[in-house]
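The data blocks that follow each hold one structure.
The following pair of complexes shares a single chain, chain A, combined with chain B in the former and chain C in the latter.
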Partner chain A sequence: MKSREQEYKEIFIAEALEYYDALNRHISDLEKRPQDDQVLAEIFRLLHNLKANAKAIGYLHISDLSHKLETAFSLIRNKELSFSDEVVAVLFDGIDLLGDLITNIDNDSYGEPDPVLLRNLDIIVDNLSGSTIELAKVQRYNTSKNLSLSDLIYIQIKKLDHMLNLVGELMIDRDRVLSISRELDNDELKSVSSHLYRITEELQYSVMDARLVSIGSLFNKFPRIIRDIATAEGKTINLSLIGQEIQIDRNILQIITDSLLHLVRNAITHGIERPEEREKKGKSREGHVSLVARNDRDNVVIKLSDDGKGIDFKQVRKAAVEQKLVASDVAAGLSNSDLLGFLFEPGFSLAKEVTEFSGRGVGLDVVKNAIDSIGGRINIDSEKGKGTSFTMQLPTSIAVKGALLFEVADIFYAIPLIHTESVVAMETDELHEVGDVLLADVKGETITVVYLNELLNAPEETMRLGDKTKLSGLIQNIIIVSYNNRKLGLIVDKMYRQQDIVVKPLSKPLDTIDLYGGVTLLGTGKVCLVLDVPAITRYFIHRR
Partner chain B sequence: MNRILIVDDSFYMRTMLKNMLTDAGYEVVGEAPNGQTALELAKETKPDLITLDVILPDNTGLDVLKGIKSEQPDMKIVIVSAVGQEVIVNEALDHGALAYIVKPFSEEKVLEVVSKALSA
Partner chain C sequence: MKRDKNKSIDNEGLAEPVDSAPTSSDLHEAGPSETTPNPHLPEETVHLIVFKLGAEDYAIRIEQVKEVTVTPNVTRMPRTPDFVKGVANIRGDIIAIMDLEERFGIRPVIDANSSLLTYTLVIEAKDYSIGVVVREVPQSLNLSVSKIDKTPAFLQDINIHENYIEGIAKVDNRLIIVLDMFKILTHDEISELTE
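Entry: the complex of A and B
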């Protein structure tokens, strides 16, 4: 695990390099428009932050230089110093030197900053440039630089994938060794295996950590994309991005890239109204789209919101009936949140026209599948006339998942925590036989409850899920799971614990059984099947 | 547990503050990197206290201070600022900020000022 100092240092360097890039961009702008107050204010802010951060962490060369540059720019802002050619040259040199100092933080042989350059900065800061004192003719600063190799290396993602797979295998064996050492009750073996446990855990976190990238690497592509789509659609969009620094596994980010792009396109083409239309409704002509990322316990949450026309629930109800997803009498009684679930059904569409950017037959079901495949969740919220938001809850890592372990008919099973809502104990009397299922009232909500032993083990032709006599005991342990706004209660025989598991894909011929998402090995060496909550939920929707 | 909102445009500063405050048992309910988000989060999270940097990308910290105070006059606000901003800091105190912390700050100083402000 990284120490806090190390983490602070990495954050400092990453942010300092970002500031350095921005400074270079802004000073070039300033050369073209020397009196642009906004650019000056921005340069001032960046140097100000760099100064404060460098001082806090103790890089005094950087804070001193930032301070000198900040003073120079505040003189320019107050029109006490003119942005003349000589001054510009010194400022460019100063910013180059800042970049050098930042990239050489770990390089002990770097030495002191160039004194001539610092002296030049002092001259302009002391506002002497107007007088006859000449700025020392330094050799253009960056021609005298030494060559240095970067401390960063690029690595192919498939090498990291391989490492992560090996760590997964190692974790399974580690749990097994730990369990054997307890069985044998051998102290030496116990001490070796607990050491092995810690090392493996640290290795797991380092490999997971090496795979993290900041969400900004995806978010920062959107301003340009949104501008292009908006222009083609004749709309104006104001995009706000928050949480670019949040970190996530690179492959997870890769998998959701297309989905996010699809949702953003939808938001602009179908969500945001044309400027005239917005004005009529009393909204600003400019549409607002925001992408926000944040950490939520072990997950990363990405929320895309627009302030467009929102989802017309009447239209969803009508389309669901027309597309034969639900009978019209049932549809009439469905709540708005039930209706939102239809948007993720394969082939479901509300789009009437195909434009260049949306409505090419790729529906939200594709987005949903991508997110399911990495064990994430997606929810929609919408209010007619106000806008729509999509919230994606994503795991930070692919390989290791928190899961709830339980037993049914002496076999171990697990359910990923991302799908579990709660665990309840209920009296068998509180379950009601309705048609061929059981229903229960859980905290005011009517939920379909399934006896897993019957679902998983009874032959299809004699399976009777609505028969209470199949249950044993007076109290039933029920895990409430949820997927796509639909909740389901699963009756299990015995509840165990929460545990991090490494999910392996099922091997043939089991991979055709679609109620299982994979398999894992427990420390005892026992096989544990991982239930696929999306598949089980779909199974019940199609039965209905 | 007292709930605190951090407003600072530097991720580094936000991380340091957040760690210091969380370690001391406070709940950090939000982090805002700019004035707009600060105003939204102040409204949305209704914290017990806000730490506010005075130099922000969109509004100045002062506008944020006035904005929050106009809607939530009793909100406790502590200014976090680097040296050289004394003019703004004084104006912030005139507009109802309770105290200020100068960057670079020590953990003791931050906790002392925050706990005093909370009990004010």
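Entry: the complex of A and C
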């Protein structure tokens, strides 16, 4: 596979050539209608983008030339330079040279751009409306040009979505074929199906790869946004961006865009203090916000941190009781990480005033729903006076997920790995009946455990989640899942394996049942239900 | 995968074959008792799939039925309403399987002689499909539209929402309740599940 730099370079060249084509078209138009402001504005925009892109990637000849041309056109736009024949000739030459430079980026023997032409450009810019411009003759570029088409194509994301769906279907059938070929024990069939396996896998990765974009395409929008919010709030913010080159599925990035914007607004309006206040606390006047992306196994982690005032746990506790999310005696005993969970409850708010940018009743629950919908996770960490950070763990791809397969009451289930912490086997004796739940000590941490069969299949009136006699066998397999800063152990009947699954959303009218994130077909043709960890956690809390 | 507009009826394992439905409905007549009032003007007919719920005969217009198949392996879905039997894999599509007896509170008739085999009518709504389980082999029936009484007086007395009943047909001393599946699916099931 090509390196990322190589890929960026190809994208740059393709875009630059497109700009070049557009410039040629527009300047020809302009020659016919020199007064057309729209055409001028478009030329201006193209040159400006080309300059910025070339500079970013380090092609200084191109950015310098674009700059000179941009200056010339800005003079024309301001009517300081007339669009006369001589000027037109120089500009055409300049654009031709631009095309030449772009097509020869990889050609080391190309050398420097024609100095005569560059000087001509300088002359028309410097000699404003000068009557006697001495323009040197330059060699015509236009004569020996080849026509060529771009190496890149634009494709609608919809088409890639469709392809990915088809690949998903194909993978399900592939697994089925593979399992049948094992049953039939036919060597030829086995060799064909293992070949089919490899090809589908490669196809899957190719389609997934085609959908990847760099996180920078979102991150790079933030400097401007943050500046605007900070200005409105009378704060100064220093933003650092790390990991723009990390790749993620375009649709996932699209889905979290609003969430990230929401969190950033919150961080600036509620997190970061005013400069005077910061000074009093011995912090720098300037607030710091960082957006960091990194790869973690198959996932992408995006972390947003600020060095603001942090979350006031006392206030959260008070608000949770006031908003009747928890009884006051229970609230007193809750840990900080339990309290942070309330921030994601619908309607929960700590904002006392509504500003232009935040505190309008759109809570963190919206953020969490968006992240839940793509099977991701979000965690908050906060220290009073020091700052707050949000960590989002996102799948790299929507369709294919690593999942843990297991069985409860003869039904196959899967839980996406993104929600699992660990898997432990424990003797029934090690589980303790405390109140109406079971508790277990897992590596020094006390975790609430629930028998899935009881939670899913017992009649709701007679459900007993704290009754060990409901369990069968001496050893219990427990999947520790985590959601919203809280861990929960799920006891399953049979533990199977870890496997990549293609989650199919449930079709109507079942799509409104939130306990299931979807279904998948196993190689045996059996239907496997994909449990939604957020929903199962909510259901458990609600039952208790 | 989209199947074509012709309805396919799966004959596999059926005790008596069901007509594979032709779209032209002029050939088939349900029984000897049916008479055409005016032989020169062919009367408008309707093609129904008749099935049993409890002890009674119910029917759906064939246009609403995508296929009839022996009920496949159904995976139960815990914590869904009782009338949702679960989900099943029908030709690669995973669809919801419903039990209308449960839905309408119809007492099932358990016949010791009847086999364990049940049949599933796959109903195609606008943008999704749904399976309805029936106990006996569904049958096909052509009927003139005039045989269906659209507004019988007793409708208000029964426990099936009157909107779901298109009418009551009387054929050979049999009383057939004609359901409008689309209305059942669009109204009621969905709101029930969102609760």
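We take it that the second predicted complex is superposed on the first by the 388 of 544 C-alpha atoms of A that agree within 3 Å, B and C clash if a C-alpha of one lies under 4 Å from a C-alpha of the other, contacts with A are read in each partner's own complex, and residues count from 1 in each chain.
As a working rule, a residue touches a chain if its C-beta (ideal position, glycine included) is under 8 Å from a C-beta of that chain, and two chains touch if they have at least 3 such contacts.
Quick caveat, the model's predicted, so the values are computed rather than measured.
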**Asked** Between chain B (first) and chain C (second), which, if any, makes contact with A:N165: first, second, both or neither?
**Response** neither
**Request:** Quick one: classify A:N336 as touching chain B (first), chain C (second), both or neither.
**Result:** neither
**Request:** Kindly classify A:N24 by the partners it touches after superposition: chain B alone (first), chain C alone (second), both, or neither?
**Result:** neither
**Message:** Under the stated touch criterion, which partner chain does A:N485 make contact with: chain B (first), chain C (second), both, or neither?
**Reply:** neither
**Request:** Figure out whether A:E15 sits in contact with chain B (first) or chain C (second), or with both, or with neither.
**Result:** first
**Request:** Please indicate which partner A:L456 is in contact with in the superposed arrangement: first for chain B, second for chain C, both, or neither.
**Result:** second
**Request:** With the two complexes superposed on chain A, say which partner A:N53 touches: chain B (first), chain C (second), both, or neither.
**Result:** first
**Request:** Please give the residue numbers of chain A that touch chain B in the complex, ascending.
**Result:** 4, 7-8, 11-12, 15, 42, 44-45, 48-49, 51-53, 55-57, 70, 240, 242, 245
**Asked** Where on chain B does chain A make contact in their complex?
**Response** 9-13, 15-16, 19, 33, 36-37, 55-57, 82, 84, 103-105
**Request:** Give every residue of chain C touching chain A within the complex, in rising order.
**Result:** 73, 75-80, 84, 87-89, 92-96, 125, 127-130, 185, 189-190, 193-194
**Touch list for chain A against partner chain C, complex** = 169, 172-173, 409, 411-412, 456-457, 504, 506-510, 512-513, 515-516, 519, 521, 525-529, 539
